Amino acid sequence: MNSFGRKYRVSIFGESHGVAVGVCIDGCPVGIALQQEDFLADLQRRKSGAKGTTPRVEADMPEIVSGVFNGKTTGAPITVIFRNENTRSGDYANLVAMPRPGHADYVASQKFGGYADYRGGGHFSGRVTLGMVAAGVVAKKMLTGSSIEASILEVGGKKFGEHEALLKEAMSKGDSLGGVVECHAKNIPVGLGEPFFDSVESLISHAIFSIPAVRGIEFGKGFAAAAMRGSEHNDAITDASGKTATNNAGGVNGGITNGNDVVFRVAIKPTSSISAPQQTYHFEKQTVEILEVKGRHDACIVLRVPVVVEAAAAMVLADLLLLR
Amino acid sequence: MNSFGRKYRVSIFGESHGVAVGVCIDGCPVGIALQQEDFLADLQRRKSGAKGTTPRVEADMPEIVSGVFNGKTTGAPITVIFRNENTRSGDYANLVAMPRPGHADYVASQKFGGYADYRGGGHFSGRVTLGMVAAGVVAKKMLTGSSIEASILEVGGKKFGEHEALLKEAMSKGDSLGGVVECHAKNIPVGLGEPFFDSVESLISHAIFSIPAVRGIEFGKGFAAAAMRGSEHNDAITDASGKTATNNAGGVNGGITNGNDVVFRVAIKPTSSISAPQQTYHFEKQTVEILEVKGRHDACIVLRVPVVVEAAAAMVLADLLLLR
Amino acid sequence: MNSFGRKYRVSIFGESHGVAVGVCIDGCPVGIALQQEDFLADLQRRKSGAKGTTPRVEADMPEIVSGVFNGKTTGAPITVIFRNENTRSGDYANLVAMPRPGHADYVASQKFGGYADYRGGGHFSGRVTLGMVAAGVVAKKMLTGSSIEASILEVGGKKFGEHEALLKEAMSKGDSLGGVVECHAKNIPVGLGEPFFDSVESLISHAIFSIPAVRGIEFGKGFAAAAMRGSEHNDAITDASGKTATNNAGGVNGGITNGNDVVFRVAIKPTSSISAPQQTYHFEKQTVEILEVKGRHDACIVLRVPVVVEAAAAMVLADLLLLR
Amino acid sequence: MNSFGRKYRVSIFGESHGVAVGVCIDGCPVGIALQQEDFLADLQRRKSGAKGTTPRVEADMPEIVSGVFNGKTTGAPITVIFRNENTRSGDYANLVAMPRPGHADYVASQKFGGYADYRGGGHFSGRVTLGMVAAGVVAKKMLTGSSIEASILEVGGKKFGEHEALLKEAMSKGDSLGGVVECHAKNIPVGLGEPFFDSVESLISHAIFSIPAVRGIEFGKGFAAAAMRGSEHNDAITDASGKTATNNAGGVNGGITNGNDVVFRVAIKPTSSISAPQQTYHFEKQTVEILEVKGRHDACIVLRVPVVVEAAAAMVLADLLLLR
């Protein structure tokens, strides 16, 4: 389903090449100052334009349709809409017969029986994350005193900043690269998280895996913890505020925030849409054929992902704050 | 909260040293043969007893309290209870003042203000996963024709089977080890998954992170995918059933099963409860002190986790099957 | 909260004098023909214009923003927006100090601390039911072979049709009238309803009481059943399809449809907004004062309610159909 | 489904003649004193034994299985179980072929395809309301300073107390009577209720219609309001606390409590199980036959309902209090 959250409830809608994409946010507290300008900085970080991102550039101007009065949230649902403008839908017609490897084309045709909007990935498009970014902006405003910051650690296996030659080379071959994003949430109150099932890690991972191209998530030491000993991994508590000497746990014990920074890393696969020729099954000809994907794509989607990761974390933490 | 699932809805209850732990399963279809014996094989796999597991051995005999009539499920909620019998609660009294590093003691005292049942970890205990295993047994019965199998890949950084000397040595020092579990779900129908927010990965990770000690999850190539190129990572579709030449995606595209095996790995941290001395904050004395944890614990909880991982995956896939 | 339904999930947003009101519908099956024209007949029935309804007449032209492709539903969320155009917000400024009796003005100021949009009732306005009517149109399309029809039984205690002189007289005094609406859902399959808590009556009443001005609901014989004997009230089953000789139960036994017509009645109070002078508390002057409500209002809102009642019933029955 | 509530979440399980019935309550705050004795007074009010109630008398002794430690709630789920002891299941075998008029027998056989536990009504039995009463006891403890009291207004169309001859006569003929229950919730804070969809009336009616035999509900003046004028029905606000001169609204405006008593009435049908002969369809013989219902039944179930109505109201108001 297209909704997430229990009190701060975010509902996503829209298609890449339809009329618009957007979000409806229910459960936002009253009195939060909110206007169009507040969204622009985060939206800008998600935008394409940099080397390695798609040449499709949209204005991404948010229209606040409901839930704000006299510049403040009213407690009623906040709906924000982004009109699609720069679309070239003709590029996608052949993908129905020849589903792109790594993409949702095949599963969408199976699940939605030919009715899914295939243009630009339709509702599966990364463009739908615009609504998440908007919901993240509002959530960050609710988390007064906290900060949530995600940044790129690696691109294509190289440390971020040392990856540029690799990206240039991959692009020259019509290929794509993945990467790793790390997120730090600071000054998060102790006690957020609702285990057994709604642990902080459960909810953050749930939200994060809704972002297209995510393949893994780990908290604190993550997979490295599996090779550590308890005596190494345990974080000694050093004061009455719960501060720990190390932060191997990534700020969460027993599914509940412990007051130290919440830290997690996210693995992003290389963009599935590549212009280099690939094999796929041709469902009309009933043979394997060579596909050359047209359309405009990101060679390295990870470059646009950090602000979406922040939004996912902010949505979850804002919801947990309201539930506490 | 303590419930999970939209149609196959699992509610967990109980404490480690209370009267009982158990599960209430709502939404199970009618007519599934179910009796006490059906639970025993999976419960046995979760049991302690092997080297590296706790000396507390419980009978773990399930009592089916509702939802079954004439040996078949009725469509009404199925409640299964496990009485606690082998408890030694005196061991835990000092943990209120001196919270164990890596454990929920500190966050529980903050969140529940001194009211939480601290005996044996209370509702945070791994013992609560008994209910998940029971829910997994029923879910597996719903997934006719499919199989879900989890096994240990690594313990303490060593390949499983090559780890035994390491475990012996860690135990001799009162220390603990972590590990990695891999799960394969085979013959899963195409089309399970309800993105945008309820992708297969979102729901499986949500359920998996409710298992105590989990620190990371990755699907298909997972974190390794972040260093691959699109041309390497994309799985070429080779026939009309959606079969792919490789399975780097781990059986999921766009959040929806594609008919190939669903594959994921889970990182388990070393058990937090170790008998080796550790530093922690003494909340009464208001200084850092040395803690020696008593009680009976698993030196290597990962040995008991695979069947719980299977249960989490089965719960999710059964729910998605009903939602399709 | 502003969402309703478990699989067919309807989220309402918007304010009477804001940018727009609308609805986001999640969980609609694929392949249902849907275009702007399909909404117009039901929207017309909800419109003002008849004697006894408000002189504020809006175009109420629905814009389908997402979820439809090539004239068919895609399985992605369907968002429909209605722009507000004919607003006169200056009329409402004094209601903050002097809340209207019978209205939400006082509770809204208490609950939302002065941040609620008070113009035209804001998110409490009956105008918000436009989104319900739109969701009802789509739901009716899902209920192939069934019909849902609501009509007015009584106005101001008189049989509908015999009420016109009474209405004219009430209007001449700046007063308002209530009424009773009856709804019949025919050809509903046997077996809809998910007790214990999600009985047909539970869900229909939940949806119906979200319509402003509803004060009561009864199924089948309703309150009259309380004075009957079991031998009178029990409906004898007369054939293998479950057809009953009488339909005192209103088509529901044990919370589940029995194949006979689902019948319920809804009590609508007289519109709270009247132009006749009334006493209310003046929160600035701290005395009881005389209020004369300005703005444009319905003297008899029941005249516009039947199509909203149908929509509520259709939403519930469509959801239950998907859940069956 | 068998769960209700968003933060105070009540899950019901069990069958009339199975092992037990019970309830699992999630989301209860910590620190509420709770022990077995606390349930007994309300359970006693629900018990049979009075004239007009079933001769099946159960001990109804609650076992608290989880969620309480040192006599206080811990924040973990509270599970309470009632073992069934006094059952005579042989009485019900013939109802599969000959469904009882007014009962769930026919719809259950259609919906659950022969797998439902038919003994004593199974999961449709009024006995399942034991769990609701238990959840109501805990909810009332959360509503400090408030009171919730339901009482019988009418039995069989006569004022309560004046009905006894009528009941005696109906029982002598193997017939049954219905009645009306009125509930008053006093000292409820202003501002409870979460419209648009989760108005106070929506949630209370949702919970109330899950009680077997309920046919109608009305708030304040209810159906009588439909024949009133706005100038009569509007309640004049008389002071800064929102106190109104009259309480025609039953304490709710715009779906939100206004600080006056919440008042509603519930119509209870005459018990469907009567020993007087009735016609029903015989599904094996495929003809209409005469049924004489055996088993032990309540001639006048309304006598046991008030405490269940209170429980439903308390569950909703406690949930809304947590959500505020």
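When the chains are written out, they are named A, B, C and D in that same order, and each has its own residue count from 1.
Here is the rule we use: a contact is a pair of C-beta atoms (placed from the backbone, for glycine too) under 8 Å apart; a residue touches a chain by one contact, two chains touch by 3 or more.
Please read these numbers as outputs of a predicted model, since none were measured by experiment.
Engineer: If you tally contacting C-beta pairs, which pair wins, B-C or C-D?
Structural biologist: The comparison resolves to C-D.
Engineer: Which chain has its C-alpha centroid at the greatest distance from the C-alpha centroid of subunit C?
Structural biologist: B
Engineer: With centres defined as the mean C-alpha position, give me the subunit C-subunit D separation in Å.
Structural biologist: That gives a centre separation of 26 Å.
Engineer: Nearest whole angstrom, what separates the Cα centre of subunit B from the Cα centre of subunit C?
Structural biologist: About 45 Å separates the centre of subunit B from that of subunit C.
Engineer: Can you work out the whole-Å distance between the CA centroids of subunit A and subunit C?
Structural biologist: That gives a centre separation of 37 Å.
Engineer: Can you pull out the residues of subunit C that are in contact with at least two other chains?
Structural biologist: Expected reply: 1-3, 6, 12, 111, 123.
Engineer: Classify the chain contact graph as line, ring, star, complete or other.
Structural biologist: Its topology is that of a complete graph.
Engineer: Residues of subunit C touching subunit D in their complex?
Structural biologist: 1-4, 6, 12, 99-104, 106-108, 110-111, 123-124, 128, 154, 156-157, 170, 173, 175-180, 190-191, 193-199, 201-203, 205-210, 212, 214-223, 225-240, 242, 244-245, 249-250, 253-258, 267-274, 276, 278-281, 283, 286, 288, 302, 324
Engineer: In their shared complex, at which residues does subunit B touch subunit D?
Structural biologist: Listed in rising order, the residues are 1-3, 9, 11-15, 18-22, 24, 26-27, 30-31, 63-67, 69, 72-79, 81, 111-113, 115-117, 119, 122-123.
Engineer: Note which residues of subunit C are touching subunit B in the complex, please.
Structural biologist: For this pair, the touching residues of subunit C are 6-7, 323.
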